[in-house]
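Across the two complexes that follow, subunit A remains constant while its partner is subunit B and subsequently subunit C.
Now for the complex of A and B:
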């Protein structure tokens, strides 16, 4: 609040020499910047009429088969005088400057020199290296569509467009990253999404000044309102149906090239607990499981701290039947409850992290070893009590119920924060921590919209899709925190 | 974001929750020991009606053009110099409110949760969290009332089993009509009137509350909720302890919580008392911002950017005052604490005076 905000982007620093990029394209100029590029090709072909044509391209970026079919074959058999008459492709672009030539080459075009007219042409023949459409690996569901995004941005746009076949669905392209030249596509529904959000997103994207972006989360870091928060302010998803649904609510989608994860904004904290499947199940069933998810999150962050609080400060709170088991279990332990819990949680985190980084088969083995280490050996060695092992197990499983992986990771940090507080101030400390976390959430924003809505600010109507997922028939309005231009979801009331 | 930026205004629901939470701070936990007799149920209702009248007067201020202008409205009414004098006079009630509420709550935590812990750590921890909430700015602090309300309002429902036998002794509810018609101990009435105080602090927040034509409705609702909570808890404590024992214990509501049964854990009063801290943190945060704002007005820095130094200095002043009162003046062993009594007097005084004073001022200007 009291910090002076520094300038994020640096638009003023357009200090690149303009002359170099505006120079007319020549073959010598091209040779110069393609020097020491083993995969760069400069070849010459002759047409039927005897005209020599120079082709310049980067071999590894283009589709060789299409090159032969669409360019080589037509050129060698062409009896026309000009290139654009020979090559019947719609993606033939006239280029004049070196900068354009460079851009086209690195984007997978071939450059053709038409000597008769002294012109350079670019034909886009990018090699469409991509995996097929697979099911989502991170947001698995039983019912609902199986397709998920891949690394190809155009394919991802298609997947969304097929779900929203309307011309109001707009796509705006941005290029960020001085080295990576990453394409970011901003998607929204015109006439539905609040123009303030769109202009805010545009200005944030335009202000980005960094060298490379290899993942959508990196783009999110540059657009977030609160960079020091542990909570994600953009929702990452690889599901086109989730993106289409969010667009329909008046949100924005950011697709980043070469990454299968799209960004959704503005979001709330509670969106991160919602699964696409919530909307495919019966509302009572879906609501029950949504509540279980919230409960699991609370359990994941408070269960172990509560154990530490009770065993350190509040023995009187433990029922008599349990206290005897607990005392027996803890009687020979060399550690205080805090250190016992801390070491166990650290071990668990190490195992979780290792099993994620290891190859699948080794990961499974690691899981078994971890299970034995945690479940058996630590108890036998007298490092931890049986009660704590049970609680750690419950807590670990509960943490995985949250559909969003980033929240799962954040919950681990909150758990450690509460653990320290519980060791110092018991239940009172956990309550203090809870207030701090809630106050922090209360102050967060996502694309300048309140992150803890509809609780704070209080939007009564949005509560129908908060802790419970109300019947779709009752969900007649779009969320207020998104401030959509069209409030009603039915055609009759606009 | 600046501390006192008011980019958005907040609707009536915030007024309801703020008034309710500010009213039930410390008194909700100690009030039954001042009331004791069952016929004081009518006392709560009577004072509730009186409080309602007071809130109607306050709503006149909120509906006026002066309120919509915030600080400038006060300046138009009284002139800058007079406003500064009022602000200087207002610093003390704000400071006292923070100090008494924090120390009172700490005393309860010390009694029920950590009897051997040094109070200083408890004071420091609560106050730091309050500072953190306040540091998010006034708008976010006002929004925090939703969290405070949702976190704490459900607690009274847990006392429902105490209304039924065998815990409840229905005979303790009688006589509902007093046998002698003397006015009774004045302190009960003072405590009762003071327990409805708190809404007067809303005059510091008019900039953030949307121009309210319906504010009377929201203030009425908030007051009604408070009356219900007081009656509910008083009847519960009467049925549970009886008037004789109620007369002899401190913090009757917290003591009641000790007897609540849970299938999983015991002594859930520890948890309930900890959760009740949400209210205190909210109150500390909002009063802290009022204090900081008041200091800025006094120093003539209202239109300048807030600074970390200024905010931290305001926090430090309050913290030092709290430590001083705790170390040398706070008598935790006495049943009737001087500071609590002082807060009662001051609360009753500010709650009675401010609405009437503002009404007279706008009448004088001919705005009503």
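Now for the complex of A and C:
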């Protein structure tokens, strides 16, 4: 009862400032809002005709040079009576309420008070504080475009629009986060993307109620169908070509302001193993490397658990040539295979995490110390067998072959899960764990579309771009799991 | 409803697990705590007892010793070995079972059945008969060859792979299959052991589970051409001063309607790799003469080999299978044995030999 009352009270409090912001803009009102803001400036200038104009802006958010060039200079030399006649800029908007004034100020606009007409104008002069277009740091490729997204959403939209210069490419803007006021842009191709996905995405974005969003992954967490899963249900990428390709297949793109990572949905588990480079290489070569990625994922997840299972339970399964090597290397170790593997994997994770967090140069040193010194010393001290060190090395490298970083992280967790199962139940435990992971993957959805498609549900035609990357000439239809409105990718159907 | 479906599915999966016979009670198989035995040597211990020997610790580079026990039962022996060794002996990696000739003559069915029913043991376990004192050989070689057990296994594996055509190699599954088939008798390789050597002797023919006869040298080579690999790398015939290499055979056997005669046609291809006789094989006529001599020689020896099999009442080539016809009642084993002993053998060789030299015309 009290809780309900309290909740109502909160809502009341929420309404109050809303009413307050509906009031007309006054200089005093603005002064009140800008109190205790050192970087807020209220200055007055006089035009050639002697008219006084008040400028209100937040210094750190605007481009000072453009302020001088586009506003100060024209104003001081202006002989017209009104501001909109003096300033020839397309981004001049008339504002009436305090709410609008506040919004414009924090978005990097300058408010101008035209006393002759008693009107307030806003000129958008946002400081384009951004790095240049650089190549992707997380999805590096040899062939293909080098550009990647930056923190500026407008720039990111441009990069996609340049790849898809069609009017059917729509962008819908949403603002989320009561504090961060983060702009999210939903992109899709009208007449191609299934309207159900679009309305689903719209409703998910509109339903977001949180204070701040600093990264696109945080937005994804609010839109995911299964929040407790270790698998990402939105693909994060900073490559505009990957986004353009996905849009062309009938998928949705979510661009989030102040983050270089776009979200792609709906996706499948197998999309996370695909690299843009797959489509730039010869199909047989690309297929081979894609298969290696899948194999590496399986290796990364099962290699160490298999070592533990075989050395703890199933010595019968080890080839005689290898068993003698294992017997030799394990004969004087103080730990059981499980604890030996667990400690080595934990050490590896510590080294990996430390090298990521450290500055680049220190990170390299750490890699050398971790990889060579600790690895060598562990064997010499008799804490781990040489065989395990080799396997840990293979497993660690294999885990990095998956193009998606989130899957790499997930694979580590699965590896530990399998490790425990293998120590208790052996290979049978790994099989049980495999069934559990597959069942979980089978139950996942991405924007309510099956995550394990086209394996389950089975879409025969989509297998051409699954484990192998078939010839582009044969990829005549868009993926069925996306249910696009236009099935065919070519105009001439055969 | 969804929960019920899930429960049914889970129950279904668990029942699959249970029906596979997976035991929930696992043994301690931690690799550094066990000694995975690679071979057993079983010989007759007198008074119905068995003498079991193995080398411990297996597969590691530590000082090894030969453990020997005299027991009534095989499993009893394995149990008692654990009591005298600091690591538990495990049979899951057993790759060879060497049986002494005396024991093989007494019968090996109980031994084979024990191995067959052991779920730990792989059916790809090599079986061999050893003539002579194998224990002496092991003791003598302990210092010279520390990884003796592994090298023995590697030798058998090498000759099994890709049908090398040098020696008979038989595993537990193959032996069992022939032992329990109506028209076949099992075979095993025979090795001769003494203090300093361990040499391949030939092939042992078993009547049921008892060693009946052993064939050596030329007979064994012919046997490789008839059954085992249909290939012999080098077929040396010292009587004719000739060696044929890369010999491959295609054997066609035909049984007459009343099982009184067996016609064997063998297409033999190879090349003359060595000749130290009187003939000048640079001339085609001389080559033809030599070929005829080889043909007669092979036919004579083949007939003798078959005669031996008939005398010993063994049918390792599974000739009896030729008596099987669709919609006809198969012969009883005794019936076939009776026919087999009295059967007339006709052998016809077709030789396709390359002289490997330029022949003068």
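In this text, the second predicted complex is superposed on the first by the 472 of 494 C-alpha atoms of A that agree within 3 Å, B and C clash if a C-alpha of one lies under 4 Å from a C-alpha of the other, contacts with A are read in each partner's own complex, and residues count from 1 in each chain.
Methods note: a contact is a pair of C-beta atoms (placed from the backbone, for glycine too) under 8 Å apart; a residue touches a chain by one contact, two chains touch by 3 or more.
Here the structure is a predicted model, which means the values were calculated and not measured.
Novice: Of the partners subunit B and subunit C, which touch A:436 in the superposed model: first, second, both, neither?
Specialist: So A:436 only meets subunit B here.
Novice: In the superposed arrangement, which partner chain does A:181 touch: subunit B (first), subunit C (second), both, or neither?
Specialist: After superposition on chain A, A:181 lies in contact with neither partner.
Novice: So, A:324: does it touch subunit B (first), subunit C (second), both, or neither?
Specialist: second
Novice: Tell me which partner A:107 touches in the superposition: subunit B (first), subunit C (second), both or neither.
Specialist: neither
Novice: Applying the touch criterion given at the start, work out whether A:428 contacts subunit B, subunit C, both or neither, answering first, second, both or neither.
Specialist: After superposing on A, A:428 lies in contact with both subunit B and subunit C.
Novice: Determine, under the contact definition given at the top, whether A:311 touches first (subunit B), second (subunit C), both, or neither.
Specialist: Touch partner of A:311: subunit C, not subunit B.
Novice: Which partner reaches more residues of subunit A, subunit B or subunit C?
Specialist: B
Novice: Quick one: classify A:333 as touching subunit B (first), subunit C (second), both or neither.
Specialist: In the superposition, A:333 touches subunit C alone.
Novice: On the A-aligned overlay, A:82 touches which partner chain: subunit B = first, subunit C = second, or both, or neither?
Specialist: Neither partner.
Novice: Find the residues of subunit A that appear in the contact set with subunit B and again in the contact set with subunit C.
Specialist: 310, 313-314, 316, 318, 425-426, 428, 435
Novice: Once bound in the complex, which stretches of subunit B touch subunit A?
Specialist: 1-3, 8, 10-11, 13-14, 109, 113-114, 121-122, 125-126, 129, 132-133, 135-137, 140, 143-144, 146-147, 150-151, 264-268, 270-271, 273-275, 277-278, 281, 306-308, 311
Novice: Under the definition above, what is the set of subunit A residues touching subunit C in their complex?
Specialist: 310-316, 318, 320, 323-324, 326-328, 330-331, 333, 336-337, 425-426, 428, 435
Novice: Considering only the defined contacts, which subunit A positions touch subunit B in the complex?
Specialist: 1-3, 310, 313-314, 316-319, 425-432, 435-436, 438-439, 442-443, 450, 452, 455-458, 460
Novice: Give the list of subunit C residues in touch with subunit A in this complex.
Specialist: The contact residues of subunit C facing subunit A are 13, 17, 22, 26, 29-32, 34, 36, 38, 59-61, 90, 92-93, 95, 120, 122, 147, 150, 153.
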